[in-house]
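Look at the two complexes coming up: subunit A is in both, with subunit B in one and subunit C in the other.
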Partner chain A sequence: MSRQELTIGAAGLQTQMRSWLAPLAWLFLLVLFASGMPHLEGAFRWIEPDSREVIYRRAGFFVLLGQHVLVVGVASLLAVALGIGSAIAVTRPAGRDFLPLVSQLASIGQTFPPVAVLALAVPALGFGTLPIIVALLLYGLLPIVRNTLTGLDGIDADVREAARGMGMTGGQLLRQVELPLAAPVILAGIRTSVTVNIATAALGATVGASNLGDPIIAGIINGNTAYIVQGALLIGLLALAVDSVFERLLRRG
Partner chain B sequence: MESGRRVPNRVLLALMLAGLLAWLALDAVSLAPNRIVPGNSYRAFEIGGGWPALAMTLPMLVVAGLAWRPSPQTLRLALWSVLALLVLLPWWLVAASASLVEPEMPQARIGIGVSIWLLLFVWLLTLIELRTRLGLPRQLGWLLLLPVLASWWVALVWWLEPLSLYREYQARSDQFLAAVTTHLALVGAAVLASLVLGALLALAMRRHPGVRRAGFGLLNFLQTVPSLALFGLLLAPLAWLGARFDALAAIGVSGIGWAPAFLALLGYSLLPMVRNMYVALEEVDPAVIESAHGMGMNRRQVLLQVRLPLALPIVLEGIRITTVQAIGLTAVAALIGAGGLGTFVFQGLGQAAMDMVLLGALPILGLALVADAAISALSERLRPGGAA
Partner chain C sequence: MIELFGVTKRFGGETAVDALSLRVEKGEVCVLVGTSGCGKSTTLRMINRLIEHDGGEIHLEGAPVRSFDEVTLRRRIGYVIQSTGLFPHWTVARNIGLVPRLLKWPRARIQERVEELMQLLGLPVREFAGKYPRQLSGGQAQRVGVARALAADPEILLMDEPFGALDPLTRQSLQKELQELQARLHKTVVFVTHDMDEALALADRLVVMRKGRIVQQGRPIDLLHDPADEFVESLLGGMDRGLKEAALTRVSERMLPLGPRLLASERIPYAAPLSQALSLMLWHRVERLTVVDDEDIPVGELSLRRLLGGKTS
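And now, the complex of A and B:
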């Protein structure tokens, strides 16, 4: 690792810095708008001249942003652990019986609209943050499982054979050969999963979770366009910031 | 494998075990005197002395037994057993509602409990597993579901009036029909418009690399923006346009309603459509084009007679992705007053009326699955060298 880093050199370091510019810029904008929203009162007054209140004040924008990130983060971490774990389990000799079913389920499940999954979670689990996390987790599993299976499946049989020939055990083969080779495809699956989850979590505001979807829903109900713009702006920036981080990670892979 | 010692099919065993546990341990139905009061829950064996529940248990045990020594014959028998279960389930519900609902409760509602939802899920997984193991074509799988649907339909129309979902539907059947129509109209309009615009864009992208880079950049950007945010952001400029120009307001352009919904749907639909069309046009083998030119075809003929037929399956794949995605996104559009099945979902969530949520969510799910299956079947059929 260190040898690799040394050979990158000064010029390489500079391009590395530059390639992180896009994610950093989106993050900076996100933090800037989350903290500076009340200072934009003039602009929002212009959008929504008829309302008395033009800045959403039921909760701070940082609190809403934090809750949004927390829900998506918890669900996505669980989805990554469970998704990669189960995809690995069904590609080992012991679990291979389950491979056809799991891979079909992962592809059929992706036709389920996320809204419907969220809506079905509520009758089963009630209102609040828990059903959202469960719905996001279940829905987020699918692209991760599918891409992990695709990634593991795409590895050349000769490569496995060679690793076995070098005397690698099953665990070593997985850790040192299979997972690194499948990493870009898996990462792409995680990216899809997180992107959809950020969007679906916003809908969670309709089932009693408070997050960045709140100002939008409140704005729609009260006919206050300024609220809607505030929520939409922050969700959009959050999605773009997270997406650009993945973009950056994928390009290195 | 085919000889004497066969290995048990562990997938089927696990699924049947899960199904039996759910059936024995969890609540199967609930009974409420009306829409507002929460009901009492009952497990399957607490109803009718447990005999109807036992009748449902036996086929599951049969499937588990057959899975012990799997062969094509036993697996086919298992498939029939699972289908029998799916056909029987509504009649179990009929029996349950007959034994639970008293004549003096005209508004009584039978709710489907967690156990039955899990059973349905497990049985569908079992069907998928059996279909894969037996190597049955996908279309046959759908055909097998027809008797199941027929059985449910007959039970619902004549005997299952107290089923809460059915009562909810009957209370607003007109609204339901209108919602389905609106939903399909929005999806259809977005898919058609994106098909036309997508074709034009893909052709322009092939000519000009600049358009390609800018176009894909913009569409990728749009696809990343969450739907709720995009609907919200379109609200303001469209409200302004509607207020400023009477002609636009006259055709219904305003911040709320079909206009922002349609525009956002179109924006999301363009990326999968353009991407697939572009790939479809690019990936045609140059040798084929070359020989078409050699046969004396002009550019136009090559496009219409060679490129398009070869590109069709990939374009259909784009239409499939777009349609399924649009069905889900249209549900969100209900929040900005565009109508459609999402209206039931969000109204139901607002009133904590779960039957209403289901009345919206289940058809959305069904539409997405049917659209996916239908377009997949079509593209399978049209693939060159496929089952045409």
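And now, the complex of A and C:
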């Protein structure tokens, strides 16, 4: 019996490892391109034969990548905390009056173009990283709020009834029943929010937040396609890597 | 013991329960029956305060339910609902252990109790402990629901149409199991159903409700013999009442000791209801049955006249 269990265990471990293969592969490609970009000079020369310089060198790609991840990470963490928090708050008996208001605000956040948020935020917050974090935060809130509301709403009323009838407190109901059951839907919302924000964060380069958007903006200004491709390539790989991590997490949940 | 004194509940302008008074003795199975919307479920849910009553008082063991913290109160009362309400992300064992865990029992004691209950409800531990609710049949899921309600050994059990969603065969076998459980556990049970056969089979006290009021209450047999009005009569089955009464009486109550005559060829267990004996007679076109005990040994006989209540054989 133990032998059979061992084999099953090993096989399980193998599938576990295999399922992490896609995220790891994208991550590997990302690191490879970020570190090896100068070695691809030949290829970029072919894309952009007229420019003197074809590899973006004003900052290291790893530094840009790190700043990009940092901005998206901070904005997403704030959006997750605020989004899930407010969605939970308005589905409790005490906060139910605010449910329409919050879902409306979240929708408005989405319809507002991030460029407009930046344009409004710069006068108030100045140039740099802060306005882009605010813009990403507002922009990333909607999918999280909407999915958390959907996830909580999708829970069988009888499960809630039974939980209350058995003598669970509101907090126990939330932590032990509602959140675990809504988790896949909430996670899907976070996934959308984060991947969209990885792309949107590039706009930060226009207000002086240096990140992977820098080569793209510089490329547009100088008419250098190679710069644009380098920035876009890394942003794309980052988005794919993060997205496949979420995909992996969702499949288990 | 549960007592309701003039309990009233209004939803908006509508009165769902109207000055209802009821007393359920300790160890008694009280079944609330009535058409849908008669307030029977509302009455049940007011006992564990899932719905707060607007007027009157509800007492458990002499103390008003409002004097308890509602969470503490509910952990002391077993609650079973039609759709089971099992947590889909928890295993069977974890679902059953819910209330003991809320009550912070030590882990070993919870596991012991869960296994004991699974055995009691005919759910082999090895097979079912690790399963999830979606892997269970309707009957199995409701067994888990009953086990969960019994987990912390509550004095009181509230059951809201627990077998309503099951097929007739599963329903009957669960009713029988509930009767056997009750014979051992002696809980105070309030049971809501709109299935009159179920009500007659399970009730020590039958309470017929209509429009938020009690129309009649008493022993099932008394209600059958002497329904208060046409509503109760029709609810109890109208012209079928004779058969329903026969279903409540056991063969052993009417049988006579074995006589000198030859044994009748058809046999019936002594614990079977009279309705079954009548059915056998109709089917085989005989007027006499041999009554046998659990080991299929003849212990008496039952004639059609005795079955009908005649004095002589």
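Some points to look at:
Assume the second predicted complex is superposed on the first by the 243 of 253 C-alpha atoms of A that agree within 3 Å, B and C clash if a C-alpha of one lies under 4 Å from a C-alpha of the other, contacts with A are read in each partner's own complex, and residues count from 1 in each chain.
What we mean here is this: contacts are C-beta pairs under 8 Å (C-beta built on N, C-alpha and C of every residue); 3 or more make two chains touch, one makes a residue touch a chain.
Everything numeric here is computed off the predicted structure, so don't read it as measured data.
Once the two complexes are overlaid on the shared chain, A:Ala43 sits clear of subunit B and of subunit C alike. In the superposed model, A:Pro180 lies in contact with subunit C only, and not with subunit B. The wider contact with subunit A, measured as residues touched, comes from B rather than the other of subunit B and subunit C.
Judged by the touch definition given at the top, the superposed model places A:Ala81 against neither subunit B nor subunit C. Within the superposed three-chain model, A:Gln172 lies in touch with subunit C and out of touch with subunit B [touch as defined at top]. When both complexes are overlaid on chain A, the residue A:Val159 reaches subunit C alone and has no touch with subunit B.
No residue of subunit A contacts both subunit B in one complex and subunit C in the other. Against subunit A, in their complex, subunit B makes its touches with residues 9-11, 114, 117, 125, 128-129, 132-133, 221, 224-230, 232-233, 235-236, 239, 255, 324, 327-329, 331-332, 335-336, 342, 345-346, 348-350, 352, 354, 357-358, 360-362, 364-365, 368-369, 372. The residues of subunit A lying in touch with subunit C in their complex are 156, 158-159, 161-169, 172, 176-177, 180-181.
On subunit A, the positions that touch subunit B within their shared complex are 47, 97-98, 100-101, 104-105, 108, 111-116, 119-120, 122-124, 127, 195, 198-199, 202-203, 206-207, 213, 216-217, 219-220, 225, 228-229, 231-233, 235-236, 239-240, 243.
In the complex of the two chains, the subunit C residues touching subunit A come out as 48, 50, 71-76, 79, 81, 83-89, 98-99, 102, 148, 158.
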